[in-house]
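Structure record follows, encoded as C-alpha cells.
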C-alpha cells in the first residue's frame, strides 16, 4: 500500500472507529491518538517525497472508480431524500443532475481515456497537505476539550459528539484526497464529500436556523458541484483526458476557456466569493471547531487551490479578468462590512471572505510574483485564522459571550488566552508578520502587471483591515478591571492546540524565506520555466526578521524596567469628578454613574446591507459579462 | 561606518524636528499677532518634562509609547539611509498603531475616544501614503530611495497628482488643523488631549519626540519627490519643503477643524481621484 | 540647570468665581499680554500642568474637584489663587454656600489680589511662581 | 464662497509685527482713574470707623485708642466706597495695583 | 416700565389661570419666591412687553401643583425654589429632588431667625 | 443595549470657560442624551441682602458676573430708583447707555473668540480678543476698572466723561468698525466656518417659544423680543431696530450677534452725539419701601430684577432671573442627537454664563 494511500485512508478508518465508540472517555483518547498519528503521518509523507515530485497511478484503477461511483450514488440518494423531506427541491434536482451526468459519463464516454497519473504530489500539494494535516489534526485535538463544555453550556442541543468527530475525520480524508488527486473525477468526488461534511456539521445543532443555513450552504455548494460535473464532461468529451495537469498544459485559447470558466465558478462558490458568500456567514452557527477547520482554514482553501492550479490559463484570458474583478469587489466590500460587526465570529467570517478575495485576485492575475503571494497568503491565513477561531471559542467559554465589547476584561480573566489571541490578530495584519509580507508582494505584483484598479482596491481594503483589527486589539489590550467573573477551566486540549498554533504562526513568519526557497521557487520554476527568485530584496527580508525578533525581545526586556521604576498611582482624568475607582464618576442627580467605552461601528457610514447588495449585483453582472464573452468567442 | 550613520541619524533627526516645531510655533504666534515663544521652547518643554515626577494610571500603557518610538526611529533610519520606501511606510503605520493601542491601554474616557479618532485618521490617510510609495516605485522602477533620488528626472514630473494628494493629507500626520481631530498642539480640544491625556512626565516627552521624528519623515517624503542626481535639484527640494511647511502653518491658522465624516470623505475622495488618475495616466504612457 | 522655570504649563480651573478673573486669565494669552513668550501654555489637563490657577472662592461642590485636580498633578507643582475671592472669599465670604478662599482646601503658594486681577498682576504672580517651582524642583531632586 | 478668507488679516498681522507690550520691560501706563490701592493720609484721619462699617468686605480695621488704621489689601475689592464715605476725605485710591505675594499681610498705618 | 399688574390668587386656581395665559400667548418670565412671614410665590408672565404677575401667599407645608406640564421649562425654576425655599411642589417633570445645586445648608432661604 | 460610550463632560474642561457638568451618552460620536449638573458656581448671593444694606448691595449685584457686570449694577439701581421713584438726570441716563452698549460690545467679542476657539480656529480667537482689549482700555480710561467697574450707583453714576475721553471713544469706535468688517466676513462667509455652524443645533420659532428662549437665541429663531425697544435709560431717544434672523441655527445666532455689534457701535455714536450737559447724580434721601419688577436687555437676553423693600436699610428680597437660566432648556433640547464635535459649539451658541445662571 503506497504511503499516499495510507495517508488518505487512515482518517477514514479512524472516523469509522470513532463513530462506533459511544463512551466519552475512550473516544476522547482515540481521537487524541488519531490526531497525533495524522500529524506524524503528514510530516513523514512530506519529508519522504520532499524533493522529488511524484506522479503516481494505481493498478487497480477501475475498482477504485467503481467504489467511488457507488459511494456517489449513496450520497446522492441521501441528499435527494433530505431535499424532498425538507421540501428543498432545488437540492434534489442539483444532486440528481450532477450524479446522473457523472455516472452517464463514467459508463459511456470514459472507456477510451487512459490516465497516466491519477495522483500528483508536487510542491503545492506538499504545502496543502502539510496545512491540512497539521491544522486539521490540531483542530480535532482542540475539539476534544471544546466539546466537553459545549453541551454543558447548551443543554438544548442533542448530544452527538461521536458523529461530530467522525465527520471531522472524514472531512480530513476528503481534503487529503482533493489536494492530491490529479484525476478530475477523483477531485470531483472529494469536492462533493467536503460539501456533504460541511452540510452535516452546520446542521449539527439541529436548531431551526442551523438547518436553514445548512441547506442554504448545501444549495450553493451543489450548484458549484454541477458546474464541476459539466466541466469534467466537456473536458472528457472534447479533449479525451481527465487529468488536471494535462488541462493546465494546454494553450489558453477559446475552447479551453469554457471548462476553465466552469471550474472557476465552482471554485468561487467553494471559497465563498461575493455572489455566493452568504453561506459562509450562515455557517458561523456551527460549533467553533467546525468553523475553524472547514470555514476558514481548509475547506474554503480548496476553491482557491483549484484556481492556483488553473492560474497559467487564467493569466491572460478574459476569464482571469472576470475572476480578478470578482475577487477585488469581494475583498473591498467585505473589509468595509467587517468594520460594522460586533460579533467576533462574524468579524472573522467577513475577514476570511475578504482575504480569500485577495488570494483569488493574486491567483487569477497569474504572474509569478502574484502566485508566490497567493500561496504564502494561503499558508499564513490558514494558520492565523484557525488560531483566532479556536481562541474565540475558548473566550466564549471563559466570558460567556462572543461580543468584542466584553473582551476588555480578558486580560484579567486569563492572561494566556489574551496573549494567544493578540498573536493571532497581530499575525493577520501587523508589519513583520506573514500576511503583510504577502500583501506587500501582492501589491508589487499588481503594479508590475499594470492592473492599477486592483492596486487601488488593495490599498483601500488594507486601510479598512487596519481599522477593524486594531479596534479589536485595542479592546483586548485595555485591561478594564474585572466585575465579579466566574473563572472557567482552560482545558489542556484546548490550550495545547492553541499554543502550538500560536508557535506555528511565529515560526511561519520567521521561516518564510526558507519556505520560499525550498517550496515556492521550485514549484514556480516548474510552472514558469524561468528560475523564480524571491520578490523581496534580501535586505528587506533581514529587516523584517530583525523586526520580528524585536517583537519578541521587547516585551521581555521591559519587565526589568518595570520592576525598579516605582511610580505614584494617579486617578484617570475624568474632568475632575472621578469617584476614585477609575470606573465611575459622580454625575447629575447626585448618583454615581459607570463609565462605558465602546468601539466605533460606523453602522450608518458603511451600511452593510447596501454594500453587500451593490457588490452582489456587480459580481453577478461580472459573471454574466464573462459568460457572454465566452459565448461570443466560442461562436466565432 | 553604517553604525555611525545610524547613530548620527538617531540624534540629529529629533533636533531638526524640534527646531522645525519651534519655528512653527513662532510663525503661528506672529500670524496671530503675538510675539511667540523662543525658538528653542520645544526643547525646554522636553527637558522640563524629563525632570518631572513620573506618575502612572496603570502599568501597561507606557510600554506602547516606547515601542511606538522605537518603530518610528526605525522608519526614519530606513528612509534616511535610502532603504525601501514601502517597508518604511509599513513600519510607520505599525508605529502609529502601537501609539493608538497605548490610548486604549490607558483605559480612560478621553484617551479611548482619542484613540478611536486617531484610528479613523489612520484609515483616512493610509491609502494615500501607500499610493505615494507605489507611485514612486512605478515612476522609478525601484523601491529603494537611493535609486529614486538618483534617477535622472525628478519624480514630481511623473507624479503630480500623487504629490498633491500627499499635500492634502499632510495635516493628518502633522496634527494640524483642519484634520487635527484627535490631538492638537493648542490645548482647546473637545476631547482634552486625546491619547496624550493620561501620559505625563517622561512618557509625554517621548510622545513629543516621536512627533518630531514624524515631522522629519514627512518632509523626507516631500523631499524625495524633487531630488535627482544633480545637486541643483536638492535646492529645489529644500525650497519645496519650506513652501509646504509655510503652507501647512497657514492652513493651521486659517481653517476651522472639520468633523470626522467630512475628514474621511475628503481624504478618500482626493486619494481616489488624484491617485488613480495619475497612476492610470502613467500606465498609459507605457512606463 | 533645571528647566521648570523655562516652560511652566498652567491648568486653569474656575471654582465659584464671577468669571471676571477667568477672563483676565484668558486675556493673558491674547496678543496684548501674550503669556506664551514665557513658554506658558494653557493645557486643560492636570497631568501635563505644573501650575494650578484657581479663580474664585470655593463652594461645597467644588472641594472634591479641586483636591482631585491637585492630586493628579505631578510634582513639582504650584498653586496660585487669583482674585480676592480666591484669596479670602472676597465679597461672598458670608454666603451660606461659600467655604472661603482656596487656602481652606489646598496649600496656596501665591496670592494675586485684585477684584478682577489685572493681567499684569497675573503675569507677575506666575513669574514669582517660577522661582518657587525651581526651589521645589531642587528640593525634590535631593 | 470664500476659502482661507482670514489670510488678509494674518498677512496684516505679520507685517504689523506683534502687538504684545513686553510687560516686564515696558510697562503700560495706568490712567489716573485706574482703581489701585487705598492710601490713608493718616494725619488727617479722625479714626471715626465709618469706613470700617461701610466696607463691603470688612477689610478695614480702625482702633481709636492707639490711633491705628489698618487695611487687609488681600480683601479689599477696590470698590472705592470707603473713599466716598470718609468724612475727612483722607482716604485716596491711587492707580498702582497691589503686587501679588506669598503671604496675606495687612498694611498698618499708625498716627504717632 | 409698563404698569405692574399683580393679582392675588389661591393655590388651586393656579393651574387653570396658567392654562388661560398660555393659550393667550403669554410667556412665563420667572417664578420668584420671597420668605417674609410665610412664603409668597409670584408667577410673572409677559406678552408683547406687558408684565402680568400672579401672587400666592402660602405657608411652608402647603402643596403646590407644578406647572411644568404647561410650560415645559418651568422645571428649572421649581427645582430651584424647592431646593432653596423648601416649598414642596408636586410632580415636576424633571425632578432633581434637591440635587440641582447640591448645597450643604438645608433650604437656606427660609431660616430667617438667626439674621437680626 | 447596543454599544454606548458614557463620558463625563466635566466641570474642568479645556473648552469650557466655566464649570458645568454634562453626562454625555454617545453612540459612535452622536450624542444620545446629555444630562446637566450645575451648582459649581452657586454662591447664594441673594441671601446677602440681609447682611448688606441697599447701598452696599450695588457692589454685590455687580459681582454676579464679570462679563455682564455693569448691566447688573444698572438694573439693580434702576429697580431701587423705581421703588423710590427717583428720576436720575438726563446725562446719567446717556452715560449709563454708553457703558451698557460698550459692555454688550465686549461681551459679544468675547463670545466670538470662544466660539472660534471651540471649532479649532485659534487665530480668530486671538484676533477678536485683541479687538476686545481696546474696549477694556476705554473702560479703564473712563471708569478705572477693566472688568468690574463700580461706577453705577442709586441715583446716577459716579464718574463723568470729559471731552478727551469722548474723542478717544469715537476714535476707537471708528477703528473697530473697520476691523469688524474683516472678522464678520470670515465668520459669515468662510467655507470651513460655515461648514461647522450651518444647520447645527436648529431651534424653530415654535420650539424657541415653547422652551422660553430669550435674547439672541430667540431673535435668531424669529421671535421679536428686545427689551431695549421699551425705551428704558436713554434708549427711548435712540433710533434702532431689533435684529431678527429666521432659520435659528448656530449660523443665524452668529450673524445676530455680529450685527448687534455693529448696532451697538452705531448706538454709542448716537449717544455721544446726543450727550446733554448737566450733573451726573442726584442725592437720594430716605429708605426704599415697596416692590418693583425691572426688565432690561443683557447681552445674552432679557433679565428680571425683582426687589422688595420694607422701609428699612435692609431689603427683604432681591431676585435676579438671568437670561442663561432661561436658555438652559433650549440648550438641552439642541444637544440631543448632535455630534460630539458639535457639543462645545452648541454649549457656546447660547453664550452660557454659568456665574449668571447660578448666582
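Brief remarks follow.
The chains carry the letters A, B, C, D, E and F, assigned in the order they are written, with residues numbered from 1 in each.
We adopt the following convention: contacts are C-beta pairs under 8 Å (C-beta built on N, C-alpha and C of every residue); 3 or more make two chains touch, one makes a residue touch a chain.
What you see is a predicted model, and the numbers here were worked out from it, not measured in a lab.
Under the touch definition stated at the top, subunit C and subunit F share these contacting partners: A, B, D, E. Counting only chains that touch, the fewest steps needed to get from subunit D to subunit E is 2. Distance from the centre of subunit C peaks at A, each centre being the average of the chain's Cα atoms. When the C-beta pairs in contact are tallied for B-F and for A-C, the bigger tally goes to B-F. Relative to the C-alpha centre of subunit E, the farthest chain centre belongs to A. Once the centre of each chain is set as its mean CA position, subunit D and subunit F turn out to be 26 Å apart.
The centroid of the Cα atoms in subunit C and the matching centroid in subunit D are 20 Å apart.
Chain centres here are Cα means. That of subunit A falls 37 Å from that of subunit B. Subunit B and subunit D have CA centres that are 50 Å apart. In subunit C, 13, 30-32, 34, 37, 42-47, 59, 61, 65, 69, 72, 74, 90-91, 96-97, 115, 118 are the positions where the chain touches two or more neighbouring chains simultaneously. With touch defined as above, residues shared between interfaces to two or more other chains in subunit A number as follows: 570-571, 573-577, 588-589, 595, 597, 599-600. Shared interface positions of subunit B, defined as residues touching 2 or more other chains, are 29, 31-36, 53-55, 109-110, 112, 116, 187-189, 192, 197-198, 253-255. Taken together, the chains touch in the following pairs: A-B, A-C, A-E, A-F, B-C, B-D, B-F, C-D, C-E, C-F, D-F, E-F. Taken together, the subunit C residues at the contact with subunit F in this complex read 11, 13-24, 26-27, 30-32, 42-46, 56-57, 59, 61-62, 65, 69, 90-92, 94-98, 115-116, 118. Those residues of subunit A whose C-beta lies close enough to touch subunit F in the complex are 342, 405, 574-577, 585, 587-589, 593-604. Only residues 31-34, 37, 80, 84, 87-88, 90-91, 93, 109-115, 118, 120-121, 123-125, 127-128, 132 of subunit C touch subunit D when the two sit together in their complex. Those residues of subunit E whose C-beta lies close enough to touch subunit A in the complex are 96-97, 99, 102. Residue ranges of subunit A in contact with subunit E, taken from their complex: 588-590.
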